[in-house]
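As C-alpha cells, the structure follows; a few thoughts come after it.
Naming follows writing order (A, B, C and D), and every chain is counted from residue 1.
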Amino acid sequence: QSAWTGSDDQPNSPLACTGESAAPEPGEYNGGTPTNAPDRKGKDITVVDIPKLVGVGYFASTAEGMQEAAKELGNITINTDGPTRANIDEQITFVDNYITSGVDGILFAANDPVAIAPVLKKALDAGINVVGYDADAEADARQWFVNQALPNGVAKSMMDQLVSEIGEDGSFAIVTSTFTTPNQARWIAEMQAYTEKCYPNLTFLETVEAQEDNILSFNQAQTLINKYGEELDGILGMTSVATPAAAEAVQQNGLCGKVAVVGLALPNAMKPYINGDCITSTILWNTVDLGYAAAQVMRQVADGSLQPGATSVEAGRLGELQIVNQSQVLLGAPKVFTKDDINDFDF
Amino acid sequence: MTPVIELAGVSKAFGPVKVLTGVDFALYPGEVHALMGENGAGKSTMIRIASGDHRADEGEIRLDGEARRFRGPREAQEEGIAVVHQELLLFPSLSVAENIFLGHQPKTRRGFVDWGRMRREARELLDRLDCPQLDVDQRVAKLSVADRQRVEIARALSRKARVLIMDEPTAALAEADVQRLLDVIRRLREDGVAIVYVSHRMNEIFAIADRITVLRDGTSTGTYPVSEVTESSLVSMMVGRDIHQLFPKIEVERGKTRLEVRNLSRTGLVEDISFDLHAGEILGIAGLVGSGRTELAQTIFGVTPATSGEIKVDGSPRKIASVRDAIANGIAYVPEDRGLHGLVRPQPLRENVTMAILDRMTKFSVIDTGREQRMAKEAIDRFAIRARDARQRVGQLSGGNQQKVVLAKWLATDPKVLILDEPTRGIDIGAKTEIHRLMGELARKGIAILMISSELPEVLGMSDRILVMKEGRLSAVIDRKDATPDKVGAAMMRTRPEPAAAGAVR
Amino acid sequence: MAAVTRILIRHETILGILFVIALFVMAAQSDRFFTTANLLNQARLMTEVGLIAIPMTFVIITGGIDLSVGSIMGLCAILVGVFWQNVGLPLSAAIGLSLVAGTLAGFANGIIITRFRVPPLIATLATLALYRGLAEGISQARSVRGYPDWFAQLGQGEIAGIPTQLWLFALVAIAGIFILRATTFGRTTYAIGNNEAAAEFSGLPVERTKLLIYTASGFISALAAIVFVSRVSTTRSDMGNGIELEVITAVVLGGTSIFGGRGMVIGTLIGLCLMQILQNGLSLSGVRGDGTTVVIGAILIVAVLISNILGRFAND
Amino acid sequence: MKSRSFHVVGSLGQEILLVLVILALFAFVGWVNPRFVSENNLTSIFVGNAYIAVAAIGMSLVIISGNIDVSIGALIGVLAVISGLLVTNGYPIWFAWLAPLIIGSAINTLLGCLIAYARVPSIIATLAMLSILSGGLITFTGGQWISGLPSGYQLAQFRLLNIPSPVWFMIGMTIVAALLMRYTAFGRSVYAVGSNPEAARASGIGHASTVVKVFAIHGAIAGVAAVLFATQLQVIQSTTPVGLELVIITASVVGGVSILGGVGTVVGSTLAAILFAAIGSSLIFLNVSAYWLKAVQGVLILATVLADMARRRRTG
C-alpha cells in the first residue's frame, strides 16, 4: 500500500518511537513584515478573526479564547467573521473586505495555505499585522503562526494512544473531514510515517470522508463497523466532528470496549462517552488556549515586542511559549484527556 | 320569468384597450342562447366575466335577479355555472377521468376520492358523447385536439350545471360529433338548463339556437329570436357589411406537379399514401377525427419523418428528415394546434411573423429588426390583423387574429407547397372568407395547397380534388365535379364492427 | 409614453435603481467603499461567478438550468494542475486541454438533455455529482501548487490599470449581450424558452441551440476555473463548490425568468454587481458575513416583489 | 380492464424500477460481502437517512405542485437547533419535539404566501429563504453546537418491535402521504395545480390556497425530519449539512416526480432516498476507492435517470 487514503505528499518527519524528542530549533525568521505599519504600541487596535468557517464548535471555542484575551488586555477588539463553509474563495473575499475596511490586524486559520497567500501579502503591504493559527499559510504571507501542535506530535499522540488501546497488531479505520483538508491530510501522512517506523504490525483498513457533518460522520462510522465487524479494533477521528460521532456509533452498537475510538475532539463533546466508560480518551490542544494565544501574539506583534529572532514569547496566563520552525509559536504538545481530568475542562 | 343570469351595462378594458362597452345580456332557463361575433368582438371576454374569471370594470352581473360579484371561477361554479373554455383548459399529466371530475370528484362516505365511481361516471359521460374509443385512464397529454375537446365538454356536463356556457365547443369536432353534441344540448335544454353557445358555424346556430345575441367591437348589436334572422342578416350584423359568397372558389388553371407523394408511411400513424399535388391546385383532405390527416401533414413537413416512401418536390426526390428540410424545400405547414405549435404566445407579433424565416432576416446572423418591423406591419395590413401594433404579444390577440398571424408567418416563407391544417378553425365568418379568398389568390400565384378540414362544406367548397382518409390510409380520391357530401361522407365512415359481430369477424 | 413607462417598470430598470440606491447607502456608510481601488477589486472577485452567469442566463432563458457548473470548474481546475504537473505538459497546453475538457463536459450535459430528453435539472444534478467525483478521483485529493509567475498575471495582474480578468469578463459579457439581443441564436433562445414545440415547428434549430448553450456553459466554466486557479495560484478538487447557487441567484435577481423565455444579460450583470456591492459594502460597514447573507436574501425577495407589483400595472 | 392495469403499471413504473435497482444492489453487494445485508447494516442504512426520505416526501409535494424548495436544508438546520435549544432550556421534551413541526409549518406558510399570493417564483423565494435561514442560524447560535441534551430526548433512538423509530416515521409518513395524494380532493388538487395552474383556476381549485397548504405541510414534514435529525446523536450541530437540499431534491426527482409539476408519487421519492443511502454504504463495502466514490455515485444517478427515460419512452 502506497499511501493511506487522505494523506498528502509533503515530506514527513516522524518522531522517535519512545522518549521525549528534543525541541526543534527556532531557526531563522521566515515570516513576512508589514510595510509602513503605523506605530500601534499600546494603542487600541481592531482585529478581525477569520477562521476556516463559522458555525462549528471548534472555531467557536477559539473565538472564545480570543475574547478572553481581549478582555484581559483591554486594548484590543476582536471580531470573528468568516465563511459558513470551508471554502477557499469566500475566505479570500472576507480577508479582502477587511483589508479595505482598514483593520489593524488579521487573525486567520487558512483553508488553503497557497490560495490565501496573495491576499494576506496584500494585507501586509497595507501595513496590517497578520497572524495565523490552527492552519497556516505560506510563511512569508503572514508574520507569525500559532501552532497548536506540530503535525508529527499530533501523529505520535494519536498512534500511541491507539496502540495503547488496541495493541500493536490491531486494525483500524479513519474518519476524516475531506481528503483535501490540508491539516487532516498532513496529520494522516505523519501518522502513516510514524506507524511504519514504530508500529509496523498495525493494519490500516481505510479512510472515509464525512465532511464537517455530524450525521454523515455517524453514518460513516456505522458503515465501517458493519463492514468490518470483529476485524475492526479502532476508529481514528480526525476532526472534532468525526470523533464524537464515531463514539456515538460505537456506543449505539454496544461495542464499548471492543472498538476503541481515538481522535481529536473537544472535551465537552466527549464527556458523555468518556464518563460513561465507553471511550477512554480524547486528544486535543486546548482550543480556547489556542485562540487566547493567537490574540496575545497579535497584541505583541502590534506592539513590536515580538520581533524576528525571538526564541519565546510571553502569552499571558499561558506563560512562556516556545518559538519553533522559524516563525511559529508552539502552543505545546497535544493533550490527552481521560476520565480523570476531562471534567476539569469546559470547552 | 327572471333570467338565471344577466349582464347589465358590462364594460371591460385590458389596459388601454376597451374590449367590452356597456354590454347587456340575459339568459333564461331552458333556452339555447347563441353568442356571435367576429374574432376579437369580445365573446370569450364576456363569458369569462359571467363565469367569474374576469372582473367587469363597470356594470353588474345578476343571478336570479340579484346583483352578484364573483371573486373567482369557484364562486360561479358553486352557483351552477359551468364553462367549456375555448382554449381547452385541461391537465395534461392527469387521466381523462380526473380531468373531467377535478374539483368535484365523487367521494366515498368517509370523504375520500372514489376512483371507481369517478371512472364509471366518466365512462358514462363519454358514452353520451359517443366516444367509446376514448380511454378514461389515458393521460390527456396523449390525446388529439378533438379528444381533448370532448373531455372539456364532458367536464362541463359532469357539473350538472343549470347554466352551461360553451365557447366554441365544436371548433375541433367533425360533423358527426357535432350532431351528437347538439343532441345532448337539446336534451339539457329540455331539462331546463340555460345554455350559451358560441360558434362561428352558421348551420349549428340555426340548428340549435333559440335566441341570438350579436357582439360587434365590444358592443351588443341586439338580441333576436332565431326566427327573425337569416344567415346574411346575421353576417351583416356581425361584420357590418354583406358577404355574398361563403366559399369564393376561384378557378385556376392546374399547373405542373409540385408535390409527389409515393407510398409514404410512418409506422402506426399513416400507411402507404400516394398522391400528386399541382401548382395552383387546392387539394382537400377529409376524414374523421383521428383518421391520421394531421399525421400525414406532419410527416410531409418532417415533424415525424417518414419511415418509408418518397416525397418529390418539383419532380426531384427530397429527403425530408426535419422541419428545416421541409422549409428548405418550400413546404409550409399551418398547424391545427395554434397555441402549441403555431405561435410563441409571449413574444411579440413581429417576432412570430418572421420566426420561420429568421435565417433570411439577417446580415451576418444579426437580425435586421427594421426589415422585421416592416414585414410585420405589412402582414398586419395585408391580413387585417387586429393588433395594437407589431410589438403586441401574440398571446393577447383573439383566436382568429392569432390564426392570421400564423398564416402570415408561413406565407413569409414564400412556400411552393402550403399545408393548411384546419385553417379556419375557430375563425369568424369575415375572417374565414378572407382566408378562403386568400387561398384562392395563393393558388393563382402557383402555390400548391393541401387543406385539411373537418368542416365538410369547406372541403367541398374549396377543393379542386378531395383526398379522403380512413384509419391512416387513403380511402378515396374524389374530383370536385363528383364530390357530394354523401360520397365524401361514405368514404370517411369508419366501418365499426357491431359489438355482437365483432367476435365472429375476428 | 406607453413605451417609456414600459421601460421604467422593467425589472432591469428597477434593479438598476436599487443598485444605485445601494451604492449611495454603502458609500455613505463607509468612506472606503466608493474608491476606484475597492470597486475594481470587487470586480476582480466577482469575475468567476460573473463569467458563468453569462451562459447561465442563456440556459435559464431556454427554461433549463445548469447545476453542474461548479463541478465543471473543479474538474477543469484539477485538470490544469494534473496535465501540467503530473503529465508534464507545458502549462499553456494544460490550460488548452482543460478548456477542451470543460467544453466536453458541457457538451455531455447538452447531449443528455437534448438526445436523451432528461430534464436539465435532473441531468445536471447527476453530472454535478459525477464531475465533482471525477475531480476528486483524478486529483486523488492532492492540490497542485507552484504555478509560474506569468500565469498569475491573468488572475492577479492588471492591464491598463484594470484587473486582467475583467477584460476577459467584459469580452464575454459583451458577446453575451450581443448574441442574445441581436442574433438569430438569441431569438431562438427566447423562442425555445417560451414555446419549444412552436420553435421546433418553425424550423428553428432547437436541439442544436440547446446543445451549444450547454456546451458554452461548460466552456465558460472552464474559463472561470482558469481565472480562479490563476487568482489563488493553487488547484483543489473542491474548487467552485456551491458556486452554482451564487450564479443562479445573480441571474434570477437580474430578472431572468426561471420558467424561461424572459431575461437579459444586462439584468444579470446588474444582479451580479448588486450582490457583490452588498457583500462588500455591508462588510465594510461592520455587518458580519451571516448578516450579509440575510440581507441579500431579503433584497432578492424585495426586488422581485417590487417588479411584480409594478409589472402588474404594465401587463394588462 | 386490461388497459386499466396497464396504466397502473405504467404510472408505477418508476417505483418498480427503483425497487428492482435496490434489490439488485442489495443482492450484488450482499454477494460480495454478506455483512452488507446483515440486519445491523440494513438498519443503519435506513436509520441514518430516514430524515432525508421524510423530507423528500414534503419536497415531492412541493415539486408536484409545480414549485421547488431549495431552502429545505437550512430549514431543517434551523428547526433542529430550535428543538435542541428548547429542550436544553428546560421546556418539556414533547414540546421540543412538537415545536419544530409548528414553527416549520409557520415559516413555510409564509413562504407559500410569498409564492402563491405575491407571485414570487418558488425558486427565487426559497433561494432567498435559504440565505435568510442559513445566515440567521449562524448569527443566532454563533456556531455553538448544542450539547447536554437530556436523556429521553433522543426520539430517533427509540425502537418499536425492535425497529428504530426513524424507520417507522419514514414508512408511516410515506403511506399517509401516498394516501393523501391519491384519495383526497386536496391531494388531487396538488396534481391539478402542478399540471396546469390556469386550468385549475378554471376548475374552481384555488391555486394559491393549494400552494400555501402544500408549503405548510412541507414545513411540518421538515419539522419531523429536523427532529429525527436532531435526536439521532447527543449533540446538535448548528450548521446544515452541505448540499442537503440537493440530496433531497435528487431523491424526489429520481423517485419519478417530474420537475415540471403534476407528475410523481411520494413512494418513489422514499425509494430513491433509500437507494442513495444504500449506494453510499455499498461503495464502502465494495472497496471502491474513496477518491472515486463520488464519481461512481454520479454515474449511478445518471444511469438511474437514463434508465427511467428509456422506460418512459418505451411505455410512451
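Heads up, the rule we're going with is that contacts are C-beta pairs under 8 Å (C-beta built on N, C-alpha and C of every residue); 3 or more make two chains touch, one makes a residue touch a chain.
Note that the coordinates shown come from a computational prediction; the quantities given were computed from them, not determined experimentally.
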| item | value |
| --- | --- |
| Steps needed, at minimum, to go from chain A to chain D via contacts | 1 |
| Among all chain pairs, the one with the most C-beta contacts | C-D |
| Distance-maximising chain from chain C - centres being C-alpha averages | B |
| Centre distance in Å when chain B and chain C are each reduced to the mean of their C-alpha atoms | 44 |
| Chain centre separation in whole Å, for chain C relative to chain A (CA means) | 35 |
| Rounded Å distance, chain A centre to chain B centre (Cα mean) | 73 |
| Shared-contact residues (touching 2 or more other chains) in chain A | 6, 54, 84-85, 179 |
| Overlap residues in chain C, where contacts from two or more other chains coincide | 136, 140-141, 241-242, 288-290, 293 |
| Set of all touching chain pairs, with the criterion as stated earlier | A-C, A-D, B-C, B-D, C-D |
| Contact footprint of chain B on chain D as seen in their complex | 3-4, 7, 182-185, 187-189, 191-192, 194-196, 198-206, 258, 261-263, 316 |
| Sites on chain A touched by chain D in the complex | 5-6, 54-57, 59-60, 63, 84-85, 179, 206-209, 211-216, 218-220, 222-227, 229, 241, 244-245, 248, 252-253, 268-269, 272 |
| For the chain B and chain C complex, residues of the former touching the latter | 14-16, 303, 322-324, 326-327, 333, 335, 340-347, 351, 355-356, 358-359, 361-362, 365-367, 409 |
| Sites on chain C touched by chain D in the complex | 67, 112, 116-119, 121-123, 125-134, 136-137, 139-141, 241-242, 245, 248-249, 252-253, 257-259, 288-294, 296-298, 300-301, 304-305, 308 |
| Complex interface listing, chain A residues touching chain C | 6, 8-9, 54, 79, 81-85, 87-90, 92-94, 96-98, 100-102, 112, 114-118, 178-180, 182, 185 |
